[in-house]
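Right after this note come the structures.
What follows is a pair of complexes built around subunit A, which joins subunit B in one and subunit C in the other.
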Partner chain A sequence: MRNFGRITAREKSEFIWGWIFILPTMTGLIILNIIPMFQTIYQSFFKTGDFGKGNIFVGLANYQKVFADTEVWQALWNTIKYAIVEVPISIIISLVLAVFLNEKIKGRSAFRTIFFLPMVAAPAAIAMVWRWLYNSEFGLLNQILPGKANWISNPKIAIYSIAVIGIWSIVGYNMVLFLAGLQEVPKDYYEAAAIDGATGIQKFFNITVPLISPTIFFVLVTRVIAAMQVFDVIYMIIDITNPALQKTQSLVCLFYKYSFQQNNKGYGATVVVVLLVVIMILTVFQMIGQKKWVHYN
Partner chain B sequence: MKASNKTIIYIILIIMSFIMLVPFAWMILTAFKTVGGSTQMDPFVIFPSKWRSDNFVEVAHNVDFVRLYFNTIAMIALRVLCAVVTATTAGYAFARLNFKGKNLMFGLVLFQMMIPTQIFIIPQYIMVSNLGWTNTLMGLLFPGLVSAFGTFLLRQAFMGLPKELEEAARLDGCNIGQTFLYIMAPLTKSSMVALGIFTAVFAYKDLMWPMIVCPDTNHTTLASALAKMQGQFTTNYPELMAAALIACLPMIVIYVLFQKQFIEGIATSGGKL
Partner chain C sequence: MKAKRLAAMLLSSIMAMSMVACGGTAGTADNTTAASGGDTATETETEAMKGSVEGELTVTIWDENQRPGLQQIIDEWSAQSGVKATIQVVGWDDYWTLLEAGATGGQLPDVFWMHSNQAQKYMENDMLMDLTDKIAASDKIDMGNYYQGIVDLYKSNDKQYAVPKDIDTIALWYNKTIFDECGVDYPDDSWTWDDFVDAAAKLTNDDHWGYAIAPSNNQDAFYNMVYSMGGEIISDDKKASGYDKPGTIKAIQMCVDMVQKGYCPDLNTVSESKPEVLFESGKVAMTTQGSWMVAAFKDNEYTAANCDVAVLPKDATTGKRVSIYNGLGWAAAANTKNPEAAWSLIEWLGSKEMQEKQAQLGVTMSAYEGCSDMWVNCTDAFDLNGHMQMLNADLVFRPYSKYTTTWEDMQTEKLKECWTGEKSVEDICKEICDSMNQTLSEE
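Up next, the complex of A and B:
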């Protein structure tokens, strides 16, 4: 029986230890994340004065400016194009690779190690190498492929060339997550299907995909969020003189440019709040959509 | 499985491995070429005519890599230490202790995990610059002092441990702090390692934060120094590749040595993100 108004020694001790244990984390989170989030939203109602000095309250003017700003709309569209190419293709490739590596195959761990390799390389270095591979005059791609393309300076294709780097960088990571999901699939499903004479492709679509759909959904949601924040590769590959700049810069690139290069933190904050809203909308849609195709056991 | 199917699988896996390795191979090959050799087209040259180390000497002369390594390793070590210590204690409290305010606080942890990090950057930068920490190690460490994600990961780990252990410790007269330190925390070592690897890899790869808080080439990380270098020697690809190789090699070597821990660490933490 619990005594109201009197707490036991155990409860008191759990309260004290509990707060001691979470205090560092909570202090850090509140100072580093929770307060800054509100400050950023607050900042988006201000205009930074000349030379980055002074904050002038402008109400919703930044938001009006964002909605009328073709550069922001173009950046949003670039970001979405990048995500539409990178996310589905990387998921399909990595799912197929995971299914292959889940078979009894010689050199499994060697393949796994190779596919995962881009995950441990700095994106700045990866971007440099790809920039060199894509170089229109001396790049490896134009040497070995027929015809010559301006992979990263043709505004029509540059964003897709960048998405290819994104896919190359992330397939190994997705694959490892899928492999973990595949470990959970009971082997007898496949044995039963084999007795029924199912082909490998039928097994893939009728057993593997439905059974690991929770993993696919998880990878999809997290990859969309990450793809919408693409920055490193675009920043490294497309310099300000590149004719494809307008057709490749993402929302985060604009955020960086406004906040830290032009020192207009008010407008930078507005762009990042817009990004937050877009990501939330996309995530909510996926959460609603999952009921149609994700099977939880 | 039929032998023919297996052959097809091998062929696809080998082609994919080739695609994954070519950029790394090209980075290494170019790093040993001269500018003339790297732009030679007719005949097209794959291997350097002579394996020269001049590019490495030249970039090492222009950029203090020892300094950059020190900055990067110190930042990674401190971030891993902070994340693991704060996340393990907080994860234990959230998983195993009952106290007023716990649910609200855990709600904040989950909330932080859902917000894109760019939204914190402007105020974090203003704090760092008000504290006078730009171009310092403290500035690099700053956003990594605590880890919401790590707290979540360690909470999951503690939730998976049997209740009986704690009760036994309590009967033996351990207080909560002792139970945590001697009995429970050692059992989550694998999650701590996973969090450590995850933190290290993402700290190493981060580009925007070091560029903002440590613009000075001597005080920044390898990743952000590479970005700067690209601006300086835009067209000298052999030197850029040499620099990229110097920056990537240690992490790749560590990865190849501890690949099992790396892949499992990132898979278990990434899978719970």
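Up next, the complex of A and C:
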């Protein structure tokens, strides 16, 4: 049995310094994330009063309302539709880009910078620019393309128009992650494959994809989580008069509407707890599914 | 391995939650057009709202266009009182988010604007300084001098919580060039709503529409028609919806007919480009707009050169010409560290001289009756008598209750369905009526 009273001075100092190093992060996480998370869950059992005063405990009433609220289910479906379009397409595009930009081509860093630029711009600014591009009367898209489409006010296509913005914004970031993953792949594999006469496409599917599958998995998990929380682009582009509002608003938009616009924080909290549960379930499935296709060394 | 996976899952769920938490603060949208004064506010950098500091006043507003004029008025007060006062501008959306956070945490600014959408909530929760006794003791402020609706708005349980600042009126803005092109006479005070619809028909062709209206244009559009035609939005005691009144249905039917017949752009178009944007680019011949839009139209080269403003039409049957008005109020925080100075500034801002000065500087029309005449001369581009004369029309205060936003948003969302022709106006009005009565019964 180990005697804890007799740890060496070195172990003791490592223990103390270890804690000191993670302390800033832990403090931030606890104060900004973990405590509010439990407060949100707690709040979802209340009918909240103004300025945080006079909350009335209502038990599961908010949850009963959520499950009967077709608007919430429609919003969940909108969110899922967005995620289904945004996540796979952005991953495919950025993976292909990363592979090309990993080769020695002219102006490589210039291209990398260009693709990464959307990440640097503020989401609100991006949304405003796209809103004008899509505008049916004055927008660039309708000036160039034949016919007149209501990109962001036709309920059938608006959510996909928004997903396009999402893809455009995130491709650069994903690409940088994939580039980092590609640096780890040993060159010998490619050389061996070349000797065996493999084509570029064969190399991509048989060497690149399996070897950077941990990176793909990481990007997939974080992007699904982020896509399920889509808010700013929709909020900026689709306003309350928009006929596509019902078919585009995400769960977070609903949360914002109830919590901050209609001052019903209890119900807003309930909506966001539902979102949390959905995200957790999706993440668990991905964690289980990873065994089938992710190769750790 | 198990522990590692568990840790990974825990981490991802924390990340999920943290992103949810961040979602709420991101993004600023353009203002609701109904917000008096807020509409033309330029986006300013979001800084944290400053709380009360002893010996110095923090004044918070949301409209950048009004800052220079108000700063001038406040500087005069500082020169007399020796107390420094700085204006802080926070955009309309952030304003209410930050004000609510400030109220919850006891960190409100000293002096700030109140609006009909939110006033009731702040007054009932004792967030605002009770000004009743101070007004009674003052020789400068008498509530009888201001437009009654604004005074009543900032009154709760017989206590006055804010001094009226300004008033707005709605008028009919028109594009002279399009009128000339189509050979239609400019609107004047003889126009009825029927003349208005006829003109809209004549002014419509492939290049432009006669008029533009979205379901969210309430105070600046269909509310005026509703009250002009003898309908109402909410009963006087704020307990019942007025959507079952024939006048209300008639007015909304008129708007919907104009959209269906093509005199107005369809819902898709107005939701992407607001009526004022279409007007500013010569796509519509007429638009109803609040006086808070003058600053924006004045600065726009196209509207300054081609457009002008006239009074709203009246109704042929009732003979009523109605302007739905609203007005901001100057309020102080209940827990301010400088109660004396805060009141002194509010008294100064509400005094006859400064209300006149506010109009003269072209900040806004003033809430003090008879002080707005100078406002007409604040620009040469338009004949602002269109807005001024609306002060002599039937002034109806903008319909509100404690949770105005809740039923107003619902009303906008429901009206969209008759704009697109999915449902009839009668059915939608019935639905709005039921839902609104439900909300009002919970207040």
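As a working rule, the second predicted complex is superposed on the first by the 260 of 297 C-alpha atoms of A that agree within 3 Å, B and C clash if a C-alpha of one lies under 4 Å from a C-alpha of the other, contacts with A are read in each partner's own complex, and residues count from 1 in each chain.
Keep in mind that, in the parts below, a contact is a pair of C-beta atoms (placed from the backbone, for glycine too) under 8 Å apart; a residue touches a chain by one contact, two chains touch by 3 or more.
In this text the structure is predicted, and so the values were computed from the model without any measurement.
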| item | value |
| --- | --- |
| Three-chain arrangement built on subunit A, subunit B and subunit C clash or fit | clash |
| First, second, both or neither for A:V277, with subunit B first and subunit C second | neither |
| Touching partner for A:I7 - first (subunit B), second (subunit C), both, neither | neither |
| Touched partner set for A:A192, first subunit B, second subunit C, both or neither | neither |
| First (subunit B), second (subunit C), both or neither touched by A:V120 | first |
| First (subunit B), second (subunit C), both or neither touched by A:G200 | first |
| Which superposed partner A:N154 touches (first subunit B, second subunit C, both, neither) | second |
| Which superposed partner A:L140 touches (first subunit B, second subunit C, both, neither) | first |
| First, second, both or neither for A:M26, with subunit B first and subunit C second | first |
| Touching partner for A:I84 - first (subunit B), second (subunit C), both, neither | neither |
| Contact residues of subunit A, present in both the subunit B and the subunit C interface | 29, 32-34, 36-37, 123-124, 135, 137-138, 222, 225, 228-229, 231-232, 235-236, 239, 252, 255-256, 259-260, 272, 275-276, 279, 283 |
| Of subunit A, residues touching subunit B in the complex | 11, 13-15, 17-22, 24-37, 39-40, 43, 93, 96-97, 100-101, 103, 105, 109, 111-126, 128-130, 132-133, 135, 137-138, 140, 143, 168, 171-173, 176-177, 179-180, 200, 215, 218, 222, 225, 228-229, 231-232, 235-236, 239, 252, 255-256, 259-260, 265, 268-269, 272-273, 275-276, 279, 283 |
| Subunit C contact footprint on subunit A (complex, rising order) | 29, 32-34, 36-37, 50-53, 123-124, 127, 131, 134-138, 150, 152-154, 221-222, 225-226, 228-229, 231-232, 235-236, 239-243, 245-246, 252, 255-257, 259-264, 272, 275-276, 279-280, 283-284, 287 |
| Footprint of subunit A on subunit C - complex, ascending | 5, 8-9, 12-21, 23-24, 26-30, 97, 100, 103-104, 121, 124-125, 127, 214-216, 267-273, 278, 281, 283, 403, 405-406, 409, 412-413, 416, 419-420 |
| In the complex, subunit B residues that touch subunit A | 1, 5-6, 9-10, 12-13, 16-17, 19-24, 26-27, 30, 38-39, 41, 44, 85-87, 89-90, 92-94, 97-102, 105, 108-109, 111-112, 114-125, 127, 142-143, 145-148, 151, 175-177, 180, 201, 204-205, 207-208, 211-212, 222-224, 226-227, 230-231, 234, 237, 240-241, 244-245, 247-248, 251-252, 254-256, 259-260, 262-263, 266-268, 270-271, 273 |
